[in-house]
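Next up, some structures in structure tokens.
Note that chain A is present in both complexes that follow, paired respectively with chain B and with chain C.
Now for the complex of A and B:
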């Protein structure tokens, strides 16, 4: 901040702005988060441990991690591929592709879910054909993965593209003239160039994938122990009657929150590295 | 012939970047590609390196048909104008890159890289990242990196373009010595005629996608094929409707044979030289002349004074178009 700027504006305005900002954050974030923590540990640690022993919760956690990891793997591979395609190649439809990548950010996840049902559902385009081959997509893990992949698709691409553009093609050409083939250039030049952006994008996708609710809700059917992810578990448990069900909901919500905080810390650590490059 | 380029045409859309270019570069020579911006120098160099492909025509390197070979299959080292350093690798790793790709034994790589770093005076910077080097050091690293794989041909695109005048001059001499030592066929691009004249064995003047003239520096300077080459290679002025080099005009204090009368209109000192601007009494042309300070003193030059002019050298003048 410029030295002159610091003193400008009356102290009163400064205080009012500060109170509004703090109040805003408190009301919107801290208070709800605090409530979750408070409700989770209201009756001590024992009910929390009881929730953790719930087989449905454990199944949901396993499924959630599985779906998130698979989705992130898929998005990482395709994200790198699409980024390279968009930055390094000129082809008809390139701008369209570039625009479509952003679609999942702007359309509601519910719409993504319904669209998936239209395509892969029992009465959808491919549904019957896949069904006759004994492959079930909707109301099973593949649909969860598909929905999550779509929703988190732009996160890796939007992190990697600017870094690739910034790096240009000269290093690649230099490597080529030194004898490196395409694969060697990818491993030795491209990957190290985008590594921090990629790591950042992967963490963002992981967070987004674990937290996804809308699209997953539509395509999952939310069968406890089978197609219920942690967010669905929270939702369903919360709507059930009974103290333990409510406790389960808060415990799962608390854990999701802890994971989110962990990701925020990781992201905060990665950000400076990315900018240093 | 080490590099033989024949009948190269290259268009970018409607724009003709190279128009039927043919060029022979003998083994072991240091050749300068000289020309104004946008003339097609980089395009030609990149076609020789395989970083770009011609629409028609062919490229041969050491007798091998290379027109459609990818860069990694040609024995060509390329140094980019902006160095293209591998930012995430140390200086050592940068230089070792080509050798590692070729799967040389580690001990051999280490020895060769250290030799090269010594050659480019960067041995104490081996563990630094490129971002921790100065521009000139980065450029030398890029050169060492290209030399590491012992290319048959070394191509440099404005190697000193991004450096300040002092460092430029230093590196220029250093490149010349290095070339004499290694004796690798080298082509470097420049739009600085002084650099080309000073360093190279041969100069190729290229303009508007065509080669204007090829020859030894002194030849080109003294016997330019056309106005363009004459103007591009050194200072020119017009005397009696002819292009002349300003240091090829002799000033006399008294009338002499074939000398024409003129009046001094202005004197400017630039370092050790003096520029005299003149107006001839007949024809009214306004040439300027380059003199040493001693010459100017001996003639006692001052604005308004009458002098007599004649061209000293056998005049290499051309009709002004």
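Now for the complex of A and C:
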């Protein structure tokens, strides 16, 4: 920007660093991603359309969207609630609560799935009691939602907390002194304050929820048309062998990739707004 | 309060409590509901892992984790995670540096590309890598069934962590100290080592911790390219999945517990290093 700020002496160093950084990122990410696009369309458009007509794929897409939307709703509601509690209140166990939120990202998704089986499986801690009430969780949609909620748990909270901390409570207290009730203060003050951070968190959660594979793989059973999510569909189709199955895998992967890139672009558009506040 | 102007707290530090914030009846209820929910979906499941691992006594637990196949997978997963973390700490910082301090055409595209591994479903990442480094590789590089393949997959999925945690710190960093050092004749490398590195060290360590945890438990991106060869390319997460599918709950829980312990040790280590670095700063 301003002239005279250049410090790292030689332009040679600058060029070397630039080439290493850009080369690493392009070689590691862009090149493989480009190969998938090429692989998906190498036999033209017709096999791709054929994959899209596959009823198993369509069922997987519907289930994936359903699970992701429910999970994001749950995580949004709890995420806002927990963020407000952590930022505005002091209570014993507050730091513990803060640490628990981050736990799911430090754990293998496979471990998350296994843990759900131990607690909610047929022979698990709550499994028999739930079964006798006619509720099946593992190998059914509730397990998919639970697994997805867990792996995406911190995303909303970690976006909202810093914004709430920075905003402080002065406006809130002013509104309270003017007689606004809790709900009014939330809708008129808190929500507008956190809206970009929240939007960012929701998009991140949505991406993570649609893309979860490991935890879902353990608890789903992956029955085509019933409990197969899009990521499981990619895996199963790829393992199946045969030209159309492989095409199905690549078509589904390509679509998931497009969705992922769309989310990244949305996030890139949201970020500056968040910083401008 | 009209005397000293308010000094805004630096971002990303723990700010002071906003209010004395006693819990009211409504917020107390909210806290109760929140804790109940977190217990049901996080605490109880994690506790169940440890309980199931040890419920038949310490003998079966030790047997499960000293099984030669289990040990192979754990050595592979931990070793690969350590190596990947070190590479990320160095190259991730370099990438962040170039993105903040350099400008060149196409920089924004590189920015977007860095986020791809974070948003891409892991199984799609696996497919992406196998189409480049698989049997149909356009460059004739076939890494299927090799440890190098696992390694590339882990580098792919962990790329954003260090970059994204170091980047904001570099953006916020004041340049005047560096300029002063440069005017006193310090070389670029000395400036980096003595001034920049101490400032970004906590963020580097935080990003490395995330990358390590991710690499240790990674499953989806690795599973296709590793081909899951026992004793060679079987990672711990794939091994645990195999055990649970064979109904060996104790075995799966034992390996999971061991991995939890490794993760906790490394995360605590990196966290204390981070505190140390933050204090020196």
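Simple rule for what comes next: the second predicted complex is superposed on the first by the 270 of 277 C-alpha atoms of A that agree within 3 Å, B and C clash if a C-alpha of one lies under 4 Å from a C-alpha of the other, contacts with A are read in each partner's own complex, and residues count from 1 in each chain.
The working rule: a contact is a pair of C-beta atoms (placed from the backbone, for glycine too) under 8 Å apart; a residue touches a chain by one contact, two chains touch by 3 or more.
Just so it is clear, the structure is predicted and the values come from calculations on it, not from any experiment.
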| item | value |
| --- | --- |
| Per-residue touch tally on chain A - higher for chain B or for chain C | C |
| Chain B versus chain C as contact partner of A:180, first or second or both or neither | first |
| Contacts of A:85 with chain B and chain C, given as first, second, both or neither | second |
| Touched partner set for A:250, first chain B, second chain C, both or neither | second |
| Residues of chain A contacting chain B in one complex and chain C in the other | 173 |
| Residues on chain A engaged by chain C in the complex (per definition of touch) | 5, 7-10, 13-14, 17-18, 20-22, 24-26, 28-33, 35-36, 38-39, 78, 81-82, 84-85, 87-91, 93, 97, 100-101, 103-119, 124-125, 146, 149-150, 153, 162, 165-166, 168-169, 173, 182, 207, 210-214, 217-218, 230-232, 234-235, 238, 249-250, 253, 256-257, 260-261, 263-265, 267-268 |
| Contact footprint of chain B on chain A as seen in their complex | 167, 170-171, 173-181, 184, 188-189, 192-193, 277 |
| Chain B - residues contacting chain A, complex | 49-51, 70-72, 74, 76-78, 80, 82, 84-89, 97-98, 101-102, 142, 145-146, 148-149 |
| Residue ranges of chain C in contact with chain A within the complex | 11-12, 15, 17-23, 26-27, 30-31, 33-35, 37-38, 41-46, 48-49, 51-52, 91, 94-95, 97-99, 101-102, 104, 106, 110-124, 127-129, 131-133, 136, 138, 152, 155-156, 159, 175, 178-179, 182, 187-188, 191, 210, 213-214, 216-220, 223-224, 236-238, 240-241, 244, 249, 252-253, 256, 259-260, 263, 267 |
